[in-house]
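First the structure, in the form of structure tokens, and then the observations on it.
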Amino acid sequence: MNFASDNCSGVHRAVMAALASANDGHVASYGNDALTRAAEERVREVLEAPDAAVLFTATGTAANAISLGAAVHPWERIFCNEDAHIETSECAAPEMFTGGAKLTLIPGEGGLIDADALDRAAGFWAGEGLGGGKPGAISITNATEWGRVWMPDMVAEIAAIAQQHKLVLHMDGARFANAVAASGAAPADLTHRAGVDLLSFGGTKNGAMGVEAVVAFDPEFADRLAFTRKRSGHLLSKHRYLAAQFFGLLEGGLWLELARQANDMAAQLAAGLEEVEGARLAHPTEANMVFAVLPVDAHDRARAAGATYFKWSSLDEADQDEVTVRFVCSWNTTGAEVDALLAALRG
Amino acid sequence: MNFASDNCSGVHRAVMAALASANDGHVASYGNDALTRAAEERVREVLEAPDAAVLFTATGTAANAISLGAAVHPWERIFCNEDAHIETSECAAPEMFTGGAKLTLIPGEGGLIDADALDRAAGFWAGEGLGGGKPGAISITNATEWGRVWMPDMVAEIAAIAQQHKLVLHMDGARFANAVAASGAAPADLTHRAGVDLLSFGGTKNGAMGVEAVVAFDPEFADRLAFTRKRSGHLLSKHRYLAAQFFGLLEGGLWLELARQANDMAAQLAAGLEEVEGARLAHPTEANMVFAVLPVDAHDRARAAGATYFKWSSLDEADQDEVTVRFVCSWNTTGAEVDALLAALRG
Amino acid sequence: MNFASDNCSGVHRAVMAALASANDGHVASYGNDALTRAAEERVREVLEAPDAAVLFTATGTAANAISLGAAVHPWERIFCNEDAHIETSECAAPEMFTGGAKLTLIPGEGGLIDADALDRAAGFWAGEGLGGGKPGAISITNATEWGRVWMPDMVAEIAAIAQQHKLVLHMDGARFANAVAASGAAPADLTHRAGVDLLSFGGTKNGAMGVEAVVAFDPEFADRLAFTRKRSGHLLSKHRYLAAQFFGLLEGGLWLELARQANDMAAQLAAGLEEVEGARLAHPTEANMVFAVLPVDAHDRARAAGATYFKWSSLDEADQDEVTVRFVCSWNTTGAEVDALLAALRG
Amino acid sequence: MNFASDNCSGVHRAVMAALASANDGHVASYGNDALTRAAEERVREVLEAPDAAVLFTATGTAANAISLGAAVHPWERIFCNEDAHIETSECAAPEMFTGGAKLTLIPGEGGLIDADALDRAAGFWAGEGLGGGKPGAISITNATEWGRVWMPDMVAEIAAIAQQHKLVLHMDGARFANAVAASGAAPADLTHRAGVDLLSFGGTKNGAMGVEAVVAFDPEFADRLAFTRKRSGHLLSKHRYLAAQFFGLLEGGLWLELARQANDMAAQLAAGLEEVEGARLAHPTEANMVFAVLPVDAHDRARAAGATYFKWSSLDEADQDEVTVRFVCSWNTTGAEVDALLAALRG
């Protein structure tokens, strides 16, 4: 009953098999090998983006920071939700990779971005002259840190603001597979066709060992991305093993199958919470994460039964008889685990 | 009738005289001259801080950024008011000088910092582990960007929070003279005796040509400050001319006399606004700045009469029949100017 | 016949097996798992350094840059050989991670550092005041980029200079296993007992998939290293798979066995070159790399026979009838491959 | 008898007068005033560069670092002489402002750059791929740190290499006035007509209080320069006083008159050294600096007579019966001072 994080799950056997297959003979290092070429091409196919630049890295923070480093000058502002992972959980990596660009926090329910607030902020800072710093980029997370999903029309609304203010639009897709599966949209419709310029396409939480793809739909970004990845130490020498992981995930649509499983388990869990007395959802459950407010005794029962998950504190939290928690379902979460958790919660 | 900024005023004749006096013969460069030593010592005396490290620079942004660069690691958070100059008007200089540290914005009326909100934020981020970044410093502005004044007990309340969370406390004193004059407190009571570690002691807005002092009450900071000033290009070679300005300002208490004049003019203007129909103060007037909400026709009359000042927009502003404006009084603002402005506003 | 790089070899089956073993169940992410604790402890045992801080990363550039980022301030100088990997091949990663510290290049045969030149440079820059930047660290590579090996007494000579000038001593051990195997010294004697403060302990070239350990013999560095790793995106979430690789390598002394094989093959190749007419070694062969000057026709024959290796240009190179080349032997280079290469070269 | 540095001289009375003239009334701050516009225009006229972007700053390090910050990406290399001020005396400011770009040192007599060595280095690093970092810019100093002068044809030779390798060409003109005076060339011929892209046009050493102009002959650089100046704290609020200084210097060709005086005094000193037994020039004297090797006793006599100047150590220096020294002549050095120095040296 581990609902701590999709990072706590292991690696899917198909990815392990792909790694084993890749382990044959000598091949060129630093991404100059055939498997890397092939995996990059697979990513382009999946995204229906034949001209996109694709660069693999081992972590999501790297993918985001490299993307943002290529998107803005140090004197520019990056707009994101106030709970965005790049603000709360990456130890100022975007600041490091951009040379000191500012994140400007925009409100929005469940990690989404309120379009009006964004538009006003972009307009305001554009008018503040040199001192204010120049609006440079927007970063949205799909699925969000609170488990919400950006649908194509929602992305397009943000993209229209980006276009109006000449901002680069980045999508942090650490849980992109979950977003695609949840939305039912084509990956292309959720990204470049809706106006996304740069995508961090996550593999790790989706069943890989440690791989993310930075995707630039406009290949003009390719050079900046390549140098930024290199100088940040994120170009792996035995690069074939990054490529193999993505290959393994994308093969036969496995990535969406795994994401669907995680999403389904979250839906089942969310539904079951309705029968836990005193429990309620803190946000709609749209992807593979369930945020819930639990009565303390339910929480205690679940913990006693061996369930692993995080209390999810926030700045505004008051001490209460209730506990806000996060349950993350993963590609290998089973219905039995969900049932066991629910049983413990119900008491 | 120029109320645009205290930056728009010229240089006081005593400062010009000090510059002329300094212009004699060859002296050592880069601060290794007797006048610099003497001016540093004068600053220490004024602040009753015999061990403080004092470093002159030409701009307030430099003073703040150098201070913060010495205060934190790149992975640390600096807490400041959401309207702090370091956030809104310095083009990410703190981020540049710290190597990418984050500013975390705290609410507070009139540029002050709400102590509870600060305490909660510091506690929250301290608990977020590596990803959250470590709380590192607090920066307060005295007088604030909205013309409020931190009194010694208010500073001490923030300093207690700083101490509890092991944070460096920085004071942006671009208008420190105005704050001292307004508070009636000894400079020492407003700073190190209240728990301030680093002070940007402004001279420029107080009647100088371009000089600020970075003051570290704990000389442990001296080395980091000296190297940071040098590598940012802020160590002037003909350094005696920075020193002379401060000397001129501090001589005979001129700095406080000038600040008092500016504050008095602001008080007179604020009082007079009560008789402008439909006008009201946006914030209490405590130093040399008056923030007012004006009826559009009063604003139009003042502009027509040749008054210079800024409309002061903010993110939350709605279009209205009213205009929010900032009037800044300076060391050379006269009562006649204030009267003329009020007359125009009254119509 | 692939002698291009030890990065072009695959992953040893024991490492693959360790990865497979690690792939069981849910475990804590970001290094908070038992396997990571165990692998860190194994590293400490191998180095006889019970108090050392050990942090795994995926690349050698990351290990070096994180180490140097923790070692110096941005205004400090890092002394290294003029052909050091950190200068020639890491795209200014040390500059990025240190916030702009300078590398100051010191001559020395075969990538070693001339101790007198180092001492003079450290003394000179220490005397140049603020403008010169402060001497901060020394970085040596073992085995060097030219295949030379630093023996304990040689390291100690550099460490004495480091101590005299208060410099941090870093060792880039991308090929540390080869150096240990070649020297016959205990890992402790080659590092902390000789005065090394920080070690990049390479696993990737030694048969792993992608793992290096940053080792700080003084645990005072631990915090800076941890935050620097995090903010640079180098803390892997599914961290157990980094740990497993190191575990696999160290188990039963495999790492030294593999290094010995690579070194032996290089020795065999170097010896065989004596019988290639017109060929000569460019540097003594002490580890797993052979630098040779070949007659063009020998080079052509080897290439025609399918041998893969790099021409190794340098700034001083003139066009000639000769070609300077680098042959790298790996943990899976066989005697038969060396013989085949030599046969081709001999014609 | 002060020959320590042109930084040790005071401010010319015409500059003081210009400052006094500027000190009238309220004017817009941050460079939005008429005097700034006029001074910028005067710089453009002097340089015959009607489209150039001109930005004033208070220090030479700032001018260089802002220029280079606008010239390169963090992953690019800047080529300069091994004794360039940006390498030896600016505390890694270029690294700070560029976000970590590398300076690659090129040999060349007397601070000049050997064109062949430069061409080879640019070609070499262009071929080294991502790891090597991309060649980005060349910086030359005119007059050089050793008192040599780049003539238009010499600049053009470097510019041809810049063009071939697509590098930005920057000229550090801390002593640009001395170079123009010495060369007899038009400022335009020494800069943009010879292929210079960015110029640090020094005022401070030429008789000002503290002002330099960053000049971008291609206005495409204007935005990057403006934001970089702002975020580094180098945009002075009371900007008219920077403008006034340049205005004062350029008025009636004063800047060249002052530079000629300094150069003439250096020539007189150099000539007189021929009659000092055992003394010799270390470099040809072409501008306002004389580098000489003196017998220890001559040196002792000069010091005893009260002459101020620096011993000029270098990395290669051996202990000897001789002393290498630098004499700097300034705009206010007199023939009598030179004679007195020579008399003391002769004994």
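Labels A, B, C and D are assigned to the chains in the order they are written; within every chain, residues are numbered from 1.
Following the convention adopted for this analysis, contacts are C-beta pairs under 8 Å (C-beta built on N, C-alpha and C of every residue); 3 or more make two chains touch, one makes a residue touch a chain.
This one's a predicted model, so the numbers in the text were calculated from it and none came from an experiment.
In this assembly, the chain whose C-alpha centre lies farthest from chain C is B. Interface comparison, A-C against A-B: more C-beta pairs in contact at A-C. Mean C-alpha position of chain B lies 50 Å from that of chain C.
Centre-to-centre, using mean CA coordinates, chain A is 34 Å away from chain C. Distance between chain centres (mean CA atoms), chain A to chain B: 41 Å. Contact with two or more other chains is made by residues 30, 74-75, 90-92, 96, 99-100, 130-131, 133, 227, 230-231, 235 of chain D.
Within the complex, the chain C residues that touch chain B are 30, 73-75, 99-100, 130-131, 133-134, 224, 226-228, 230-231, 235.
Those residues of chain B that touch chain A in the shared complex are 74-75, 87-92, 95-96, 98-103, 105, 120-121, 124, 127-128, 130-133, 313-315. Residues 2, 4-5, 7-11, 16, 19-20, 22-30, 57-66, 90-93, 96-97, 204-205, 209-210, 227, 230-238, 241, 308, 330 of chain C touch chain A in their complex.
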